[in-house]
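Structures incoming, each one as structure tokens.
Both complexes below contain chain A, partnered by chain B and then by chain C.
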Partner chain A sequence: MAAPPGAERAPRRWLTRERAAPVVAGIAILLIWEIAVRSLLPSFVATPTGIVRAIPSTMGTWAFWTDVAVTLSAIVQGVVIGSAAGILVGVAMGRVREIDWFLSTYIRALYALPLIALVPLVILWVGYQPEARLIIVIISVFLPVAVTTADGTRAISKDYLDVGQMFGARTHNVWFGIALPSALPFIIAGIELGFARGITNAIAVEVLASVPGMGMSVFTKSNELNENASLVYVVCLAIFAVSVRALMIRSRRWLAPWYSR
Partner chain B sequence: MPDTTRSFGARVARFRTVNAWWIQIACYGASMALLVAVWEALGNSFGVLFVPFSTTVVRLWELLHSGPLLPALLVSGKLYLVTLTINIVVGVGLGLALARVSLIAAAFERYIFILYATPTIALVPFISVLFGFEFGPRVLVAVLISIFPILLGTMEGARSIPRQHLDVAAIFGSTERQLWRDVIVPYVTPYAMSGIKQSIALSMAGTLVAEFFLNPDGVAAVLLQGTTIVDSGWVLAVTLFIAIIAVLLVGIGELIERYLVKWRKASVG
Partner chain C sequence: MTESAQARLVVENACLRYGALDVLAGLNLTVGSTEIVSIVGPSGCGKTTLLRCVGGLNQLNGGTIHIDGQRVEKPLPSVSMVFQHFGLFPWKSLWSNIAYGLKLRHRPKDEIASRVAEAIELVGLKGFEQSYPHQLSGGMQQRAGLARALVMEPKLLLMDEPFSAIDAQTREQLQFEMLRIWDRRPTAMMFVTHAIDEAVLMGDRVVVLAGRPAHVRAVREVNLPRPRDRSVVSSPEFIKLREQVWHDLFDQPGGTQARVQ
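Up next is the complex of A and B:
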């Protein structure tokens, strides 16, 4: 695509080509979507204007907010439990070589495995229940946090340990006073990755195990040929996922300002 | 340094450094043995919902030898290879294009990030309404899940090329081909390769998701079949099988990375 129209004529300096480009591209994407669907596809297929018109009837129901509450609270719960467990196991692995060697076989194998493959097994064990979603989110967060925490606490600068020893640091001081803070950027990166995977896997479990929630509703609305309502849910999920990413980047800058990446 | 009054801690430390290699192997062995032992013991006590390790292995052999697993593996393998190929070709190509033409990058970058952050599974109903449930939409879903490490990695690599290098190349009148061979490819390759390494593992997740959610097919369908008939031996065997393949794929990715590190050392030094 050529330079966006109107960018050169703009009198004010804040309207640069680089700033105008995303707006123009966004409008172009929405226009092409709208026109292509209207001219080529049946009327039930979602369009941008259709999604906007479906917002009041979708978001005005209790069912919508119940879905949002159960899905998001399960994800947040899973992230809290998974991160806490991941940090504990990760510090132990990073500081004690033998624990690392002992556990790394399992953690690596599970980390390599696409967790969606564990969903049928979890469904078989706990049934078609909301607990299946929580368990999968916990595992999704635990694994990356344990791996990054282990990496971060393993590679502490020798100077910190020497200073710690000089001041008579005990094992728990070294673990939680030196290793953990210096591994903070790694841990946040792990939580960020785990959060993203947790959102995806929570939706996967909802659909595969028929657990009510946002992901389940995306599919049921679509099956009822209510595509616009289905896409309202997708947009909300996307907003949640994007805000989580932004929040994690923000918190990394805030909690670990010395680590710029 | 010899000292006669070594404390217990120091003796442990010495033992650990001298015997590191053996302790490592012992730990790996012990962890595997413990897994098998616990699995075997618990399996016998819980009954139908959790069969022992030995039963699982026998079950896996049956599924592979005379069951649906090998034909399903061929179906999934085809989807996997097509997905990975598209990821590499489109990911590297688009990544280079986006990084070299800054206006296009500025226009589309944030939408790519939104698409990356959005759980692809939520887009499956929309994709199936648009394109159906056949091989094409499956590939699309799998690619949407696994292309981003390559795409974003390549973009980052192309942006890491120092401005001076490009200027010097221009001053000495290098042709487009020389520019690519001597400047762009050496800079972009490590970044693209680390994206490809991640995508080798991620494409498998993409394949499974596409098979789970667009009319079950391939290995995912075999796995779901086990859940439907509540056969825990079946489900455990297929999960174990997928885990083994996943570990192998990650291993291949790490081998490629190791080879690449050697190659870079050789070309730099």
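Up next is the complex of A and C:
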């Protein structure tokens, strides 16, 4: 008889060389940075210790947390809306050849395009408003999710389709009961990519359209020669991006445990 | 066909061609209401195609297939299939995989629960309801595939080389269990296999197909007593039948043509 689920994993050492490597590299970079700035550059240029010293004065303000709230909530909203739309359109493209014929060329062309190019256009539509950021994030997520969902739902195993047909699955059962779950690993990969693009483009819109948020503050602080404060924002964004990636890897293991085997 | 005199499945003059390729050419076959008919033939001879046509997964170009007088043009609810590669959905637990057909047919919840529990018991998977297919051996996955078919209480069970992807020892075990299950719930069965032993062991009749196009080369009545257990395999009748089927398969008027191809 097979082992009960989850029992097969052997206990692993927490500290491995693989895990230590990025920490060692990080410390080395910070050291070189600190020494190089202190010995070669003027005092307003950011240093690692300077960033740490700037944390209380930066993160201790309402303005900081308002920036974090508006930017991150716009990104999360955009990811939710963009993913939902991307999944629906992607399943339709993956399962109905005719829809794929009509849409595929344009969605793939937009997917390959740097969305920054669309920012001026979106500003024309909605003005210099926070909605511009949301719209760009939605598109940033929609495109990769639509493309990966279409590819994933098109490539479902014929065995699954036979089973569905044999046991009486109708079209909507095939779409949402077979195609969608079997494409989950693809969809999660698309959302992960969309998230990364969404973060990048949200910041870009804030800068280009002067929409208040973390990206705009990175620039205003920098223009005020407060580079250390500016980099506190950057570090927070980096932490957010890394957490999102970790969350995606977790959710793939949780939602599609059969895939990584 | 003695006590199971009235035919459950009648295939008349079945013809199927893909372009210039004749797959089935005027094939006739009947299966009684509690009869097991084994279908053997060289690989690529069209035996699986014939089974898929009976299941309604493929369409004939000519001739008819009737099950209990009803013409097969799409999969009928009274027919279940067990697939060569199991076809379990990896994102569903064993329980949900087995309940799939009943759920698609919107059976009441408590009826599903009791029928699924019974089927799980029957195939010996009790305690693994919440396991996922990737956590189980091939043999156990096919037990689940069998339970998923049996839970529908089919009038005709189609077996598409069900044990060919399973290791030899487990295969033997499953063959006898299949016989035991059939003894408890006799039903009409079409058992496609390329193993001569298996064909003789399971069948009331062995139909030897030759291709291409597929036609019936020989039909052998198997008068081995039921219930059949391991002692059958060493009986002289079994050995004699196995030899006959072997010769039906490999001796042909055209000399060694089949082997050379």
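One rule holds for everything that comes next: the second predicted complex is superposed on the first by the 236 of 261 C-alpha atoms of A that agree within 3 Å, B and C clash if a C-alpha of one lies under 4 Å from a C-alpha of the other, contacts with A are read in each partner's own complex, and residues count from 1 in each chain.
As a convention for this text, a residue touches a chain if its C-beta (ideal position, glycine included) is under 8 Å from a C-beta of that chain, and two chains touch if they have at least 3 such contacts.
Computed from a prediction, not measured in an experiment: that's the story for all the values here.
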Name the contact category of A:I203: first (chain B only), second (chain C only), both, or neither. first
Touch check for A:D67: first (chain B), second (chain C), both, or neither? neither
So, A:V24: does it touch chain B (first), chain C (second), both, or neither? first
Tell me the contact category for A:R245 with respect to chain B and chain C: first, second, both or neither. first
Output check: A:E192 vs chain B and chain C. Expected answer is one of first, second, both, neither. What do you get? neither
Of chain B and chain C, which one touches more residues of chain A? B
Just to be sure I follow: which residues of chain A are touched by chain B in one complex and then by chain C in the other one? 1, 3-4
Inside the complex, what are the residues of chain B that reach chain A? 16, 20, 23-24, 27-28, 30-32, 35, 49-50, 102-104, 106-111, 113-114, 117-126, 128-130, 201, 204-205, 208-209, 212-213, 223-224, 226-227, 230, 232, 235-236, 239, 242-243, 246-247, 249-250
Using the touch definition from the top, list the residues of chain C that touch chain A in their complex. 55-57, 75, 77, 79-81, 83, 85-87, 89-91, 100-101, 104-105, 128, 130-137, 140, 148, 152
Parts of chain A lying in touch with chain C, wherever the complex brings them together: 1-5, 159-160, 162-163, 165-169, 173, 178, 181-182, 184, 255-258, 261
For the complex, give me every residue of chain A touching chain B. 1, 3-4, 17-18, 21-22, 24-26, 29, 41, 44-46, 97-98, 101-103, 105-106, 108-110, 112-114, 116-118, 120-121, 123-125, 196, 199-200, 203-204, 207-208, 215, 218-219, 221-223, 227, 230-231, 233-234, 237-238, 241-242, 244-245
